[in-house]
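We just call them A, B, C and D in the order they show up, numbering each chain from 1.
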Amino acid sequence: MKVGFLGLGRMGSGIAANILKAGHDLAVWNRSREKAEPLVRSGAVLARTPREAADGRDIVITMLADDAALEQVLSGDNGLIAGLKANALHISMSTISVAAADSVAARHASQGQRFISACVFGRPDAAAAAKLFVVTAGDAADIARARPILEVVGQRVFEVGERPSHANLVKLCGNFTIMAAIEAMGEAMALAEKGGVKKAKLLEVLTGTLFDAPAYRTYGQILVNERFHPAGFAAPLGLKDMRLAGEAAYDTVTPMPLLSLLRDRLLETIAKEGPDIDWSGVGLTSARDAGL
Amino acid sequence: MKVGFLGLGRMGSGIAANILKAGHDLAVWNRSREKAEPLVRSGAVLARTPREAADGRDIVITMLADDAALEQVLSGDNGLIAGLKANALHISMSTISVAAADSVAARHASQGQRFISACVFGRPDAAAAAKLFVVTAGDAADIARARPILEVVGQRVFEVGERPSHANLVKLCGNFTIMAAIEAMGEAMALAEKGGVKKAKLLEVLTGTLFDAPAYRTYGQILVNERFHPAGFAAPLGLKDMRLAGEAAYDTVTPMPLLSLLRDRLLETIAKEGPDIDWSGVGLTSARDAGL
Amino acid sequence: MKVGFLGLGRMGSGIAANILKAGHDLAVWNRSREKAEPLVRSGAVLARTPREAADGRDIVITMLADDAALEQVLSGDNGLIAGLKANALHISMSTISVAAADSVAARHASQGQRFISACVFGRPDAAAAAKLFVVTAGDAADIARARPILEVVGQRVFEVGERPSHANLVKLCGNFTIMAAIEAMGEAMALAEKGGVKKAKLLEVLTGTLFDAPAYRTYGQILVNERFHPAGFAAPLGLKDMRLAGEAAYDTVTPMPLLSLLRDRLLETIAKEGPDIDWSGVGLTSARDAGL
Amino acid sequence: MKVGFLGLGRMGSGIAANILKAGHDLAVWNRSREKAEPLVRSGAVLARTPREAADGRDIVITMLADDAALEQVLSGDNGLIAGLKANALHISMSTISVAAADSVAARHASQGQRFISACVFGRPDAAAAAKLFVVTAGDAADIARARPILEVVGQRVFEVGERPSHANLVKLCGNFTIMAAIEAMGEAMALAEKGGVKKAKLLEVLTGTLFDAPAYRTYGQILVNERFHPAGFAAPLGLKDMRLAGEAAYDTVTPMPLLSLLRDRLLETIAKEGPDIDWSGVGLTSARDAGL
């Protein structure tokens, strides 16, 4: 297939490499050109603008930082929308707001273009190893068309609804649930430690019984070792996702007190520890607030 | 070994049966005698008082409802303490407060008796099937002595500290972490549903990715099916455990905002739905508070 | 002075009337013309566009619903900015976001126009009676110029800083503090009532001792009488202000757990009672969550 | 009247002095005798035990630290209950739990003795100046009998219910409302300061508009000046009162999320700043959590 790929950050470059490896004809674009070079050396075509990356492609994928970055890539004379042919498919992999996904969907529809969301769970190493989890939503025919690509980048694909933004909503719910698990472990470890129990012991019990899952094993280990730097996923990114979840909650009139709590914990952590800390640094805040 | 067992509720009767099956000489006592009968028919000796159940035993196990029930069994002329011989071991399996465990430990010590806590994770069916997880703490020699019994009732034994109450603290931390996971799923499902995503879809993604663990599978399924009655673990029991965790937090000066939130959610659920609802009924509260 | 006034809602029409009464030459504009008619009959000039209302005026005042309404009035060929002469002063009285106020300030500055914020506390009857409290911020010379107008509409003028948006921040802090007082009374009344104490008795003690202030007397009376309809200040407006305060907290990295709690309480109230309820309806939510 | 007074701390000694000044025949008792001496020099009789202080008295007043201190004074051969004659009246002024007040009421009733609660708002200087606010509850005839004494110690007496513990509940609600006001100001000031607005300016607006009440003027000034030492009312005492309110909420199944938040803020403040800080030190926590 003729595929375009926009956004070659730590996640995007791994994903794009896997698409290329699978034998697709790939055009790539990135704001700063250097990041495109390894892919070009492996056979990808360098596009000078988003429009060029979309031009003549069956499928174009975006993996960008946020709503604003996506907006910039979409619009204008050199934008993705201007370049995409009728009926071609835009797959948005970025963690953007539900409202932004709805708005992008409407804009493509008005141009006779197709659009789905396909959000991913996993970190850069999982992206490189094609071990991502992909959560997708949109028209069934569009998803069917995207499947060969999605299966190349992930270990499993979940279809969660017919509206593209449903995938974004599920992604935000997922990150909320991770953050909640981290906060729970952080508070429990602070209590354990103040009561004389070793954090590692508590984690051993949790992951050895009802919480034998990656979220608890991975973040539990970070909390036990207080290895908050370098950040695997920085606190301000976590905060951004909690804010997006909060906007969806606000727009749908859904009270979420635990979400609100997490937002404040991240704000406190960033205010006191600086922005370079991992989002699991809320556990450090639990410890410090307890005088540890 | 000569073992005594006090407290034959849904958990205790399963545990006691497994000890008997393993070939130990077992004396049993329960406040209401009927519950002891099946065990007596299987070969256990019926004790008429806690004292009698402790008399001449190497190990005596208590599995009672709360601090007050344990206190009643321990004290007085017919109490466990009066009956227990010097150097015999009392294993407390009840979910009691950290402070109560510390106080019981001190009382036994002053009588030359031994004491450890061995709290369990698992529901009555797990107790019957000897599949409990056992969390124990206390003097290493006492735990070594208790091991043959603990291994008969559980699938795995965790040692978490030298002070018996450390096991109680870890048990409370565990129940807090479960309740937090339930609340997180409940809020996420309310948001998903208000946004048009099916709860079952969200759960499929969570348990299929980072949350592939019993706590999420079991309670997630209850939340999806809204099967809050009959209660597997009633909300007032969950509330009791959150209160005990809160007392430990208070006594050790540990702020735990998520714990506080969970306590209020359980109160709200009980106030609106009555006390017979499962503790996962907080998910119903998330839905109702969102107008669902 | 030659004054323009844009936004003749319940607050704006009272304020504009007082400016007219004080003898100023007043041009008025409102999106729907009918609301301007009483003022025109009293001697105001009807402007057909925001630009016309600003044209040739020394001072132009805006009192609009939100950021978006202000943006619409400011921009474009028929907008306020296009009409305002160099060095003329725009006084923004709307409850808008801190970020919007900063942005408007910058736009005026780039046109050689002057800008201050002058937010008000008080309800429509206070606006009509010239009994508002005015909180203003900006360049001292601009405030001095605005004073004759501000003193005509309010009973007292507070200067809180040199950056116009400082007034907006203080206004949001004020509404947050009111909402917090309402929540506190609502929770306390729920506890009192469940414990057998009459709400009116509790309020009598509060306002008779340490809380003898309008916020407690006014909203306490509404809570005691459960007079949440018609809304004096509707819950969605309160929610909007809490959201704006939350954005300021987010932008300045300030954790505010009480603010977050209030936002969720308003969401819950709107989700369950509908949008027409007064913002003090959070007290109803406290009662209902307690099973009352 | 023949009056007994037990508990001569900072509050009690001021109250007792006013009763003596009013011409009553006063017997006094305190755990450490020195504190009784100034009163004895002024004409009070020194009692060596609580029983002696109650013996032959019409009215006995207790002003003690907490439930445990009251219990110690009441019970035993040398206790108040043993000394109080039939039909004599015990007035409890201590800030004790609702449950303790109910239990004390029942014990007196079983002895044919009378009991009311009469809680006070005000600090030691107000006690000395007879400017306390008194909140009383109980049988109307008992209150009528107590009135001459209550009016001697306070500037105003509120009757809030027929069950003595109703006064305790109202007292706890009052302290909760104060703590909520402090937290609201603390968070608002942190936001203001991070946004560039002086805390004193914000307070001037609040107390100059809708919050012109002692709670805001007094604590607002402490927050502006960061004068948290020496503690007028130490954080652990505030925490104790929030805990007692929480127990009442728990017993009556009343969710109070704001109360929970306040409890955690006090815990955080004590954990980080030590126990000697004023309860308004939660404002310092708001500032520090925001990185100030």
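We adopt the following convention: contacts are C-beta pairs under 8 Å (C-beta built on N, C-alpha and C of every residue); 3 or more make two chains touch, one makes a residue touch a chain.
Note that this is a predicted model, so its numbers are computed, not measured.
Visitor: Determine the set of chains touching chain A that also touch chain D.
Guide: Common contact partners of chain A and chain D, which must touch each of the two, are B, C.
Visitor: Counting residue numbers used by both copies over all numbers at the interface, does the chain A-chain B contact come out same (over half shared) or different (under half)?
Guide: same
Visitor: Look at all chain centres (mean of CA atoms) and spot the one farthest from the centre of chain D.
Guide: Result for the farthest chain: A.
Visitor: Comparing the two chain pairs, does C-D have more C-beta contacts than B-D, or is it the other way round?
Guide: C-D
Visitor: Let me have the rounded angstrom distance from the C-alpha centre of chain B over to the C-alpha centre of chain C, please.
Guide: So the centre of chain B lies 53 Å away from the centre of chain C.
Visitor: How many angstrom between the C-alpha centroids of chain D and chain C?
Guide: Roughly 38 Å separates the two chain centres.
Visitor: Would you pick out the residues of chain C that each touch at least 2 other chains?
Guide: 249, 253-257, 261, 265, 267-268, 271, 289-291
Visitor: Which positions of chain B touch chain C when the two form their complex?
Guide: It comes out as residues 257, 267-268, 271-272, 288-291.
Visitor: Taking the complex as given, what residues does chain A use to touch chain C?
Guide: Within the complex, chain A contacts chain C at residues 239, 243, 249-250, 253-257, 260-261, 263-265, 267-268, 270-271.
Visitor: Which of the residues in chain A end up touching chain B in this complex?
Guide: 98, 121, 133, 135, 156, 158, 160-161, 163, 165-166, 169-170, 173-174, 176-178, 180-181, 183-185, 187-188, 190-192, 194-198, 201-202, 204-206, 208-216, 245, 248-249, 252-259, 261, 265, 286, 289-291
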